[in-house]
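Order as written gives the chain letters A, B, C, D, E and F; numbering starts at 1 within each chain.
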């Protein structure tokens, strides 16, 4: 029943990894109580590991006009549309915990229109889905719609950038067959 | 946070319902400990209620070459593809309980190819997805493939019929904005 | 040239069928002059047969804010989009007869926007196509649009429910390779 | 109930048309007993009229490894996929007459896989659908498949060229809202 | 590196071609300095060659409310959406030359929304893309939108007809694997 | 005619940027003779700038079983499918220069199947397109196919990772309306 970090590539021994990556992994392990598989799967390529988490932290950890809950909503909604098991399950856990809401992740994953969230958040997710699935058609009208919901242009960059980062992440996870840790499935429920 | 049986139609008072429907509802309430919202939402139309549950029970409760777990897998996989919140959450709960596996529902919902299930079950779900999304293209080759995995023609009917019933069910739930009961989200985890 | 009830499953001998199913078949044969193949194909599974026709009659035979002609339009338009030969041909015949219009079925099947029907009926079919192809995106705006054409919420349920039932029916017909009776092709022309 | 040649552009008076176009129209009128609307709709642009019918006759009237019945099958199948009412109804009539088969047009239009035609003809239509919907993906393997069914490379050109011409024709008919003559609906049934 | 006129059919010797086709080819060769491959590829079928260029010249060479530059924009945008290498490269060259703009062809091919063109031209291309990809959904509202940008109904016919002709042309080029002449790639840059 | 770095966000003054970003920009300016707009557009967010180029360089500049030419092919093919003007034009230039082939970029952008590249490279691009458009369906069979063309598993990671990075990049460019520098259009032709 348990899932491997990745079904298609070797997972490195932590002792063999560069020190900065070991430190990053230790830190997350201390905080979460386990090592999320994405850290092990991507450590196969240290330079890509560093760039990915730098990008991730730049978008997901900083202060923003979007709450951390809202940023996780974007991850969960677009990752389900991309069929990315790791991202839906792992970020679904983070979303539940950050929102202190055991129901929200499944709602946002399956159909955000039916979720118990605000109209502003639904507009945010509608735009995220457009960035994910049809970015060529983004136009000034989309910006106007979002401004009408109170989003600044910097917020719109954030919506788009989080979506774009997980467009990358979803494809990497599906490429290597990355499985979520068993712990994630029940966290925050 | 709690979800209504349906956001778009009135929910009847149970006392006002015909006796056979009240009996059906009582029976499920006794078994589950609560009334699943689909019973309340569809009771708005007693004749459709009766036909729906007759169809449901004929397919989901009978003996079949497919296990009950497998039939719930079909529901969960195709319902997520259709964006049906009620069906993914409610039948995800049933799937976890019947499979005695807290992880399987999320795996099958998001991407059955990544689920910890057998190759035979993956072939079953691949066919269910074709029935759901492109039934016009079903051909004898599909039957051959499934027979190669040990499915009988009666099993194939069952795969297709369960998929077809939830093609109906998903559309009804989205039509009336049916919300899953809060209880379902955490059952079997 | 003639089509079998189903190309993939055995067709039961009528004499071997349960009495209630024989009665149902006798009644339709008396009315139509022949036994529509759907009755023979589904009789392979008596319980599913009973549930299907109970559902069908509950939606298609009752009084409704939608005329019977309008309900048949929904069947014909969505069934062609699903590539369901049986439903387009059999319900096309019923549509022509009920509408006393030999041209309407082909118009509605191929492109309802080009059919000689009312704007209200085109709005009804646009919504039916959305229920058929993208039910996840149904929202309150769709209800508002339909109300603007004079549809009640009960009518909207009917549009959605007829579409949903034939989402099931189309998939079953394609699953078993159900052929329309030769008689249907020319009825009402 | 009757349909106009085109709902969006003026239909020229025949007396005002150039002599060669009047002759072409007279010839088809004599043969069919009425003037098919495509001749009236396209006569609005005499040079395009001449080019269209030159192209049409070069493909549809010549000797070919494809029978005229087969070429009409291609028109009917791809035109329904494009939602072109005129082409499905008018060429459906021609197909029934040429095949001396009252059922074949509806079968080929709705789902050629369910039609009472040969496997070779189904392979032909599968390729025509690919040319119609995804021509960028045509590859040498498609040619090999068709050669395996006995088609020559000249036959393959014919399949593709008929499909391509009606890709044009379907778009023109939908552009100008071209309606089929009432006569076509029942011809050959 | 150099491309053949067509990878799948024999290219005729010019000396063997009918005189009118040789004259047409000589004229274009004199003007362009080389023979565009489409002339050689289609000469395999003289009657289709004549009809194609008659259609082409009737739409692309005449006076119109659309400039020749605008007509070439339509060709380039829709041909890239169809994956037609010949049409994007050859008509991209013509577009650059006619517009005296070395950048415009790549912009219009990849994403016309990002091109340095007028809003009126973007509306024209949005409609062309609809004719190309979803002509069944063309409705009076599309005409109203275009009229609001100053297009006459004759202009709208031209937009649709150019799109329709290249729907044909793109499919023929992909069918026969038609390669652009090397000269086209750099013309007008 | 000239394009701005981004149409939707302010472009920072270089003098105001952090030193490491100024150094990176100076280095590329010295090499290319101008500052590619992506450097200016992303400098609006220094942390994201650093992560993006770290990721980019980790994949595009290192030694790999894929040549640099092949990696640029992946960028160009998938970016055109995503309608990303900046990436097609800028990486098209790099592809032409690295391949010393003035024709290859347009071929790969519009339809790689028609490009003058090896079968191995076509298999690489077919997989890149799957990663880009349908990563959920990646399976072991895809790996087998690529191994059959001589790709190692590390090469497959590279194909997928380059595709994934530009899935991000394409969405960011469309989000901010990033225009390519005029210089790129003609480089290497």
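One rule holds for everything that comes next: a residue touches a chain if its C-beta (ideal position, glycine included) is under 8 Å from a C-beta of that chain, and two chains touch if they have at least 3 such contacts.
In this text the structure is predicted, and so the values were computed from the model without any measurement.
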Touching chain B and chain F alike are A, D
Same residues or different residues: which describes how chain A and chain F meet, taking over half shared numbers as same? same
Provide the C-alpha centroid distance between chain B and chain C, rounded to the nearest whole angstrom. 23
Rounded to the nearest whole Å, what is the centre-to-centre distance of chain B and chain E, using the mean of the C-alpha atoms as each centre? 50
Taking each chain's mean CA coordinate, chain A and chain E are separated, in whole Å, by 43
Residue numbers of chain D (touch at least two other chains): 83-84, 111, 136-137, 174, 177
Which pairs of chains touch each other? A-B, A-C, A-E, A-F, B-C, B-D, B-F, C-D, C-E, D-E, D-F, E-F
In the complex, chain A residues that touch chain E: 136-137, 139
Under the stated contact criterion, what part of chain D meets chain B in this complex? 111, 113
In the complex, chain B touches chain A at residues 1, 3, 80, 83-85, 88-89, 92, 101-104, 106-107, 109-111, 114-116, 174, 177, 179, 182, 185-186, 189
Quick check on the complex: what are the chain C residues that touch chain B? 8-9, 44-45, 47-48, 50-52, 54-55, 58-59, 62, 82-84, 131-132, 135-138, 140, 143, 153, 156-157, 160-161, 163-165, 167-172, 174-177
